[in-house]
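Take a look at these structures.
You will see subunit A twice below: alongside subunit B first, and alongside subunit C after that.
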Partner chain A sequence: MTETKSTSTEPRNMVALAQGINTLRRSRMMTLGLLLVLAVSVLALIAPRVAPFDPLEVDPMRRLQSPGPVHRMGTDDVGRDVYSRVLWGSRVSLLVGALVVVFSNLIGIFVGLLSGYFDRVDKILMRFMDGLMAFPTTLLAIAMMAALGARLSNVIIALSVVYVPRVARVVRGVVLTVRETAYVESAVAIGAPTWKIIFFHVLPNCLDPIIVQSSFIFAQSVLSEAALSYLGVGIPPWIPSWGNIMTGGRMFINVAPWMTLYPGLAIIVCVLGLNLFGDGLRDLVDPRLRGVI
Partner chain B sequence: MSDRLLEITDLRTYFNTPEGTLPAVDGVSLHVNRGETLCVVGESGCGKSVTALSVMRLIPTPPGRYVSGKISLAGRDLLRLSKEEMRRTRGRDVAMIFQEPMTSLNPVHTVGRQIAEAIRLHSGVGSREATERAVEALRLVRVPDPHLRVREFPHQMSGGMRQRVMIAMALSCRPKLLIADEPTTALDVTVQAQILELMRSLKKEVGMAVMLITHDLGVVAEMAHRVVVMYAGKVVEEGQVEVIFGEPLHPYTRGLLRCIPRLDQPRGQLTIIDGTVPSPLRFPAGCRFHSRCPDAWELCRRQMPELIDMGGHKVACWLHTSAAREVV
Partner chain C sequence: MKAYILNRLAALIPTLLIVATVGFLLIHLTPGDPAAVMLGDEADLKDLEMLRQQMGLDQPIPVQLLRWLGRLFRGDLGYSIFLKRPVLQAITDRLECTLLLTVYSLIISVGLGVVMGIVAAVKHNTIVDQIMMVLALLGVSMPSFWLGLNLIWLLALGLRWFPSSGYVPLAQGVVANMRSLFLPSFTLGFVSAAPIARMTRSSMLAVLNQDYIRTARAKGLKEWSVILSHAFRNALIPTVTMIGMTVGGLIAGAIIVETVFALPGVGRLVISSISRRDYPAIQGILIFTASIYVLVNLVVDILYVYLDPRVKYL
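The block that comes next holds the complex of A and B.
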């Protein structure tokens, strides 16, 4: 180990920014993913301004029109503009994805920290998590939706519950290694209370895998939301979500394939972007792939 | 008696293992006076680190177990404190630095932040003042440009610098006793000398006592006032550093001293003590050193010698016990 020259003459933010840009330049796929995610997010934000039609406005005169200059992605069986509906649908999908990430992380991190740090609760909590993981994801979500009822908030709750065990597992694994490190031992030796060790020393070291995991959970819940809505147990049918739009097109797939094609493409773009971004993040965080520790 | 800061009496720290009970520390008694440096020496596995960790109550229980004994720090028995009382004692009254400076700092926080957190634990000052004190703490341990260095992360520092940070953190709350468990083992020789020099001058400035765990007799000669030699979980010899180096009594201590290469003697093969420390699971009967001892005789194989006091110089060996008896 040689002494590293201090870089503190430059403002730290600028250094971090330069490093970030450098990283993006090296990993093209991650950049592509980030751009796709950003594009979808921006469209979702400005959907009310850029959508040419009201996504709920029914126009019987313009039913099942194929894509053209007025209706870029055609119209559906009651004459609603598919383009406007897909734009508005992105808001639902991203909202579900973001909130599922937030809630599953909140609970998952808590459970993971507890069970990784305290041996006494570990067995109980982890067996419970194993139980949740034993169900196929979609099946568990369907069962919960059936019990809770088809509402947007319930979709978020159901999917959060589904993804809690994954977060908990990842966090617990990291905690198990971090709590044995020399710096945790020295923190105990200096008299740090347990809560401080957990939140000051252990939690920040779990953040890398949590962030990587979050990008995948985001992608997964966008997919799951679409699947639930498509199966009719997700978002109520009158809310334009990507899954709902596809369900509506199912009956007309022979005469009006655009009704299913475009929301499907939207899902693909969104999930692909998130996954590429997540892969890139994982490679960045994994010291074996980065080459340095 | 009142100048005794730390007094360990008949400490027994055992570990439960699948193969049986492992008496890592088996009836150790020693003391550290205020302001002095006590060196605890011995080979790997002789129980010196477990003794140190027992004082901090950092032995995980289970599998560890404090079977008996008393660890009295400034009159309080640490083994009888509640967990919360013990937590408040750590860092404030007794602090510890470890062997691995490379991993003893959290990689995700700046060193300044970590020192500041340690300061806030026991002083209750605000974060801004704690940060200022962290700069002072770095200056105290002679880190150059402390106001810049506080903003660095551990990976930006060398091993020696990190050990200085560890010392700064340990001293931040002015403990009465600093336990250093082989603080220089992982460092380069030149850096070792710097760290030892630093510890010696800080000891004077801060006025604390130091319990230094090491297997390096060179370090002992540099630092110690008194020396405790441990072997197989027991204290075998104890005395002032001049006495231990000048007229060692225990064959083990003599063996250790013979192993130091010397410049004033013809070069050749280095001396070693034959064999290794016996496993704590299978300590031999009698004196635990007898199987490796050149001077062992019949009694050594049968009975464990007690530590006897020969005017401040204590030794646990039948050669001297019986000699003492004959004299009496």
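The block that comes next holds the complex of A and C.
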């Protein structure tokens, strides 16, 4: 920004300044988000080393103890250490989130590229995607879990299917615009094979929105996993996921609120971090999308 | 306008067909024979054969699909052997609770979201703006059932302001009904308010910079009149789209919240049907809910054209 003293450009300078401050504030939030996500990820990695107790170790003598020096987050109804369970639970939640992002992107990008680039398959593929999008996400995931059965791998499959249409739509949208650009046209003109055009000219343009969307899919998957487990159609109860720990606590909400409080806070920290990070990324990539989730 | 609506109505048919097909295929995702799973290990062969015939599982899959579509076309969502009644009837029996929960939640989320969004935009870049947006972010980052459980703990079990569970039908009094649904609706409304708040804020911010707002202020209109009748009316359109998207979240969210607050709604029926492995009921509710969702989105799209005459999709 040049420092012009003339009065006519002053409002513009002010706007630019305000935007600069705003971006700074935004990216500070993005940094905070990144730090939160990193903190949760590191804790998940070192959980076996830092967890003071075995998350599965039952001890009826210590049941329903309130948070104290030994059990930082108290114990549950069979005497398991809630803090250790929350630490181990982060591994399950992050695993689900990460794998859902990978699978939904792999399939979504493939479908999006196909339907954006080849008009012949576009109608059929997008109609099918619209059909999938016609279901409220959680409901579709619940119904799929009902059919597949409550298993960790099925949670990942069900959530991936739910998010495929969203990835496909974003990718298709980018492909439709990129395909008309001069550089794609010239690539076609010099006789580049179609797969090369798609992978080297079209796909790189889709990466920005894909990365932004991935952070939101990750956040949503962590929340959805917890919801599915809470409803009893998610991860089997013996695996300590954040959702399962809370499910165990719902009967004891009056005598042991810490059983639900802490795993919930863990989810909030993780999802908030992902959302802040995603917001910041989106603003960097495409400021026009600001405010649109 | 008319042509647009007709076009959209026509586009509804393939979407609903796909919804129905996905709902049909779902049962075939089940590992093994659905009839055997439904009846359990101790079922005798005769019952099994009867159920298979009743559900049409003895037919080839394309025939089953066509029959299924034909039945749906006649408004028949199937029969639940566990509930001993048609699925559609089981749904309508429980519809009041879910419908009211969704409506109350929608009112709360739109009210909260719009007010928070306008306040944040008017107080742009102040501490108020930041508090509103942090609240909105917290809302999208928390599991609804967690909020629900904590509200039960705090307001129902602790302060005893509201019942912790149970449902009072509308017929037994509007106030009692609202009281029984207040905590569930607030839970669902709060977690759905965030996108509306953020959308309202950003579209308000865009509008507040326009010349006609300066003109309105310059001619001496009261500030609230400028904000509500000049700015908000124009900022409304993206908000309406967001509200449409919220309804889908509310329909799915109702399943979770009904479970938390032990409400006798359609959502609870899905969950109990799953534990009973009542596939016809699960399929029926899935199709029913998705169809409602599709219709709501259609209404929102039409409303959108109505609100913004500049938008013409012809």
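In this section, the second predicted complex is superposed on the first by the 260 of 293 C-alpha atoms of A that agree within 3 Å, B and C clash if a C-alpha of one lies under 4 Å from a C-alpha of the other, contacts with A are read in each partner's own complex, and residues count from 1 in each chain.
Keep this in mind: a contact is a pair of C-beta atoms (placed from the backbone, for glycine too) under 8 Å apart; a residue touches a chain by one contact, two chains touch by 3 or more.
Please read these numbers as outputs of a predicted model, since none were measured by experiment.
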{"item": "Touching partner for A:Gly232 - first (subunit B), second (subunit C), both, neither", "value": "second"}
{"item": "Touched partner set for A:Leu132, first subunit B, second subunit C, both or neither", "value": "second"}
{"item": "Partner chain in contact with A:Met246 - subunit B first, subunit C second, else both or neither", "value": "second"}
{"item": "Touched partner set for A:Pro69, first subunit B, second subunit C, both or neither", "value": "neither"}
{"item": "Subunit C versus subunit B, contacts on subunit A by residue", "value": "C"}
{"item": "First (subunit B), second (subunit C), both or neither touched by A:Tyr183", "value": "first"}
{"item": "Touching partner for A:Gly191 - first (subunit B), second (subunit C), both, neither", "value": "first"}
{"item": "Subunit B and subunit C contact sites that coincide on subunit A, given as residue numbers", "value": "none"}
{"item": "For the subunit C and subunit A complex, residues of the former touching the latter", "value": "14-19, 21-23, 26-27, 29-31, 125, 137-138, 140-146, 149-150, 152-153, 157, 194-195, 198-199, 201-203, 205, 238, 248-249, 251-253, 255-256, 259-260, 270-271, 273-275, 277, 279, 282, 286, 289-290, 293-294"}
{"item": "Contact set on subunit A toward subunit C in their complex", "value": "18, 21-22, 127-128, 130-132, 134-140, 142-149, 219, 223, 226-227, 230-233, 243, 246, 249-250, 253-254, 257, 260-261, 264, 267-268, 271-272, 275-276, 290-293"}
{"item": "Interface residues, subunit A side, partner subunit B - complex", "value": "1-4, 6, 8, 12, 181-183, 185-193, 196, 200-201, 204-205, 207"}
{"item": "Touch list for subunit B against partner subunit A, complex", "value": "56, 58, 87-92, 95-98, 100, 102-109, 117-118, 121-122, 145, 148-149, 151-152, 155-159, 161, 166, 169-170, 173"}
